[in-house]
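Below, chain A partners chain B and then partners chain C, in two separate complexes.
After this line comes the complex of A and B, so read on.
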């Protein structure tokens, strides 16, 4: 086994002293966390370590000694060796740095050696099983230690991914060595509080020993956020109380709410904000996920609202609303006119197709009448459109997503005639397809067995056969006409659905994109670690191998994957094949919820 | 004897592979083909009996020809739809009477449909056809005439191919449907709605009811069956001949080949029949060779 010693870079130039750290259980490695300098009183050191142990719940120990000889500090060898008897350990590390050499040298003493050694004798470099002859064992000992240098601050702050779901405190330690190292460093934060300005009896070196940083702005913000959060929480609870009123859950209203994307967005936002106020989860990993989730929600809400306010400032400037409203009615008129032209074209001989004239005329007139109805409706609504837009624009102060959802709803309302055409066409087509498929079975003398879910042969009566064939012929010859109307209106419908889908997708993007995690990844890449990589620092023949541990930042795609806020579009959607199949048999398609076509 | 030569031993050879024997693997002895049987359960056909049975096929062919002849007459305006309708109705009533008469001679009334059910069916046919005839009239307006003819020809061919000649009494679904489809296509080309109605009634008579009656005749009055078949064939050839001579020649050639030449060929070729049976499983060669690759 090779003994690995994780050594913080900040302690490279520390004065001589005691190494405080932890042996990693189950692995032959140790983490050095800090160096406590001379002079100290052993009892105080022991007390300090116990105190830290209680605070951080890491089983801290004195690992060994550290010596960086300075001028006039010669002959400390025997003193350092004696220390091992004061702090009795299984193994005692003795790390020494010498002038003119970059590498450290390390000796590992086991307990029996410590106890059995002769005080006056010159110290031998020995390890546990060093009873064999000297020369070989010595070289082996040198090779058996690897120093892994790590940057303490980054390791303390970083979170190793993938985050393990249930890591319950000290109860069950994670198996991976790296995970244990990271966890140990992260949990021993209390150890790093002691800095050079403290008046305590001990002096130590770690990443923060030069003094702690703090910002006045951050402190002020922390103070201010408490009453603000309380106020917002109260408002939120009032809002949820209104939402949960029984009158809103009556059938038609609930159905309507589930179909209007504004209401869906409202309920989603409420739910997200409620999670902000939820108590923090206890275990460390869960707490990290919880914190990230809340931060993501908060940042995306803030961004959303600021974008919404920008939109609002544009809308209410220079009579933009009036302009929009005055453009809307002519636009609807133009759409209706185009539709009428399309219907006229369909009622002739579209693209040279030969359709059944009588059915063609009937369908065409029916749809023309429908457009006429729709235009009258729009003109009836015309005076109110500006008001609707004005008040609708106010919703942008809740966020851009609300404005987009409202736009989507308005598009749905303004293209209601297209939807109606589509439904009529689809129903008619669906009826024909079903009729034809069952009559085709009759044509071949088969029938669908419902109980066994298969096609059986069947002997029909004469009259059944006769009427069935008659209907089959009629349906078959009328199918092209219906199919053409269905095709045209489905294409129109798909255009609308696609537009709505793009809106929904952007709303969804704003809702679910982990903005905070992404910013963290870009500005502080070490905070989200995926693993580590090692670089050889120095490899001198006489000393141990020195490696530098660098943190591999998490890939951007996995950041998004891990911290994505779940929304309603995360559910499995219909594949393209299923969509085409649905279109072929004339089933209705919808843009909302997790049904279809949001997968642009 | 096996190719490798058998050792002359007293141990008798057994036709098993699962136990060791002092013979080569490909050894067989004289008893190997003892159980081979040839042409088991063969029926010896007699020429005139086969011709009589083939008469049914011939008359069905002639029925199609008769239907086409009637349609040609209707299309050219030589036959008034009323005439056709009343004639068909009379024929149907006569046929129904004959059908009943033939029933009462032999069969018991176990699976016998009541007169009420029959009249209900008839009313259903008539009302549906009459109601739908305007729709059917405009149905293929925009489809080109060639397409309609091609479709009808295909469907009539399908009718002839899929007709259950052995048991035609409840007419087979596919054959009847194909024939009706063809007649709807043809009828929609006629000048008026009444024409369509009359044509469809006629089609129902020819394709649905006539095979039932003929089957009854074949079962209960075999003597008259031949005469009826010959009569229908002659009628078909004659009718088609009045419209197109070439068609009549072709039809008569087809009839001759179906009723006379094909049975002759069947009887002749039967001598060459050689089916072998035995107590073995036939070797079945699967084309799936991929499992030998690895």
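After this line comes the complex of A and C, so read on.
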């Protein structure tokens, strides 16, 4: 069996001492976490290890001894060998390194060898076998050892993906060896607190032993986050209390609020901010996801607000609002004029098709009257537009998403007449199509069986057949006119829907993009790990194999997929085929569906 | 290693290098044929000639600068994302397998598969146009379900080498075709066994 020893790079030049770490059960490997230096008192070492075990809940033990002999420390080797009797272990590792050589040599003593009759002799025999002799020494009973060097700080901070939900406490350990290694190093944080400036009885070497470093900005943020979180939670609870007041739950208002995208965005933002104030989840993997989620929400909100403020600074400068307002009414007039021209064209002989005169006139005049009403409404609102724009622009201080939602709502309101036309045209067309299909069945002598949901033959009376055929002919010849009106207004409606869809998609993008996770992936790629990479370090013949374990960062697409904030996402309800089918039949289409997601 | 010349499925010459780091750690590197200068020149010249022809008719210098830009970006994208320089397989006994491909621009894409996730390594066959190619692939399993093959990962994706071996196979299970290989240039150690 091959024994794998995960050795931290910071301990490569540590002075001789004891190795502290953990045996990973089931995989025949050991993780070295720190080296405790000579001189030490064994009882104090045992006490320290027990203390650390209680704090970190990691199975810490003394793994063995490490010797890097300097001048004047010749007796160290035998001293360290005798220590194996003081710290009783299943296996005792003796790792040795010489200055000037890059390879380590390792002996593994098992329990019976330690307590055996002639421990010295057995050790001598083993030492001879593992000396470099470059040839073909027989190594049947020698353990093969791999040293895997890892950078302790990076492995401690890193999180392996896909993040597995772990039961808290002493749940089952993950089967994967790498996950156990990462988990061990991450949980051993209390062990890395002792640095060389502490004047305690023990000295140890680990990644932080040169002195703890911290960033004052991060510490201040951590301290400030608690009261700020409380304040935010208070404000949000007041706001939700106001929103849930009974008066606002009256039916028309509630329906209206669910349709307006501004209100939907507002409720979504409130819900997201509420998760910021929620308490931290305890188990480790869930704590990481929790932290990432909160950080993503915070950074997204900050970005949104800053973009909104940027928009406001452009809007309120240099009379931009007045310019927009003064352009809006002539633009609406032009749109109405174009629509009128279109209707006049349809009422004539559009594209050379001959329309049914009477129906044409009816439909055309009906729609013309609608446009006239709408234009009068716009002219009525003209003086107030500037004020509306001014106050509406204030909503951008809550974020760019609010400004975009407001724009989408305003577009919906101003193109309400197009929506009405579309509904009239679609309903008329739909009725016509249903009538035609039913009468076509009658024409052929068949009937739709509602019970069996299929077409059956049926014998009709003569007068039924007569009336049916007459109606069929009438509907058939009126079909081109209705179809043309339907086509024109559906296209207009689709243009408006497309524009609204673009706005909603950009709002969705700003809401859901995990900006913090992406920045972390770019600036600190070792924090989000997809796996590891091994590199063979230059080896000397006869020594054990040395590998360098580096962290393989997560791909950017996986980052977006894993850390995407769930939103009331706006995506097409139907596939293309279903959409075309609905258009053909005349069913009303609402291509964008708003999904209310439950936060996980 | 054998001195025979290997070639990939398009007929270009590739080379195999096998390095033994230790008794249980080996690295196999398959190197692709390099980019040929002739092909680069042909592509560049054709694009620029086309651009000159368009310029001759439209008298718009933007065509020329855009052709230059297109050539440059196309070449950069090709050597960064498409052109593979060499692929390597590092086998570490009882740790796992590491598959890495390195591109002509120096970019390296590495994947490490742990021993607990490896079910088996087989030679699989695939029908490609009018020929059958054999490729080496790793069968993975989830540790929670050891009897189910969760995915198949082909090794040396770009240079599927035709294996010089006698192969007899029989189809036994739905998921994998079990083959016995009579002669193969290397054997991969699995966990717990000696090499």
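The rule is short, and it goes like this: the second predicted complex is superposed on the first by the 551 of 600 C-alpha atoms of A that agree within 3 Å, B and C clash if a C-alpha of one lies under 4 Å from a C-alpha of the other, contacts with A are read in each partner's own complex, and residues count from 1 in each chain.
Note that a contact is a pair of C-beta atoms (placed from the backbone, for glycine too) under 8 Å apart; a residue touches a chain by one contact, two chains touch by 3 or more.
Fair warning: this is a prediction, and the values are worked out from it, not measured in the lab.
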Item to check | chain A: partner with more touched residues, chain B or chain C | outcome: B
Checklist entry - A:333 contacts which: chain B (first), chain C (second), both, neither? => result neither
Item to check | Touched partner set for A:456, first chain B, second chain C, both or neither | outcome: neither
Checklist entry - Who does A:198 touch here: chain B (first), chain C (second), both, or neither? => result neither
Next on the checklist: Just to be sure I read the superposition right, which of the two partners does A:341 touch: chain B = first, chain C = second, or both, or neither?
Outcome noted: neither
Checklist entry - Which partner does A:539 contact after superposing on A: first (chain B), second (chain C), both, neither? => result second
Checklist entry - Who does A:82 touch here: chain B (first), chain C (second), both, or neither? => result neither
Next on the checklist: Which partner chains sit in contact with A:4 here, chain B, chain C, both or neither? Use first/second/both/neither.
Outcome noted: second
Next on the checklist: Output the chain A positions appearing in both contact lists, the one against chain B and the one against chain C.
Outcome noted: none
Checklist entry - Which part of chain A faces chain B closely enough to touch in the complex? => result 354-358, 442-445, 459-463, 465-470, 472-474, 477-478
Checklist entry - Across the complex, what residues on chain B touch chain A? => result 121, 124-125, 128-129, 132, 135-136, 138-144, 170-174, 176-177, 180-181, 184-185, 204, 208
Checklist entry - For chain A, which residues are in contact with chain C within the complex? => result 1-2, 4, 28, 144, 146, 148, 175-178, 531-534, 536, 539, 545, 547, 552
Checklist outcome for this item: Seen from chain C, its contact residues with chain A in the complex are 21-25, 27, 90, 92-95, 98, 100, 110-112, 114-117, 143-144, 192
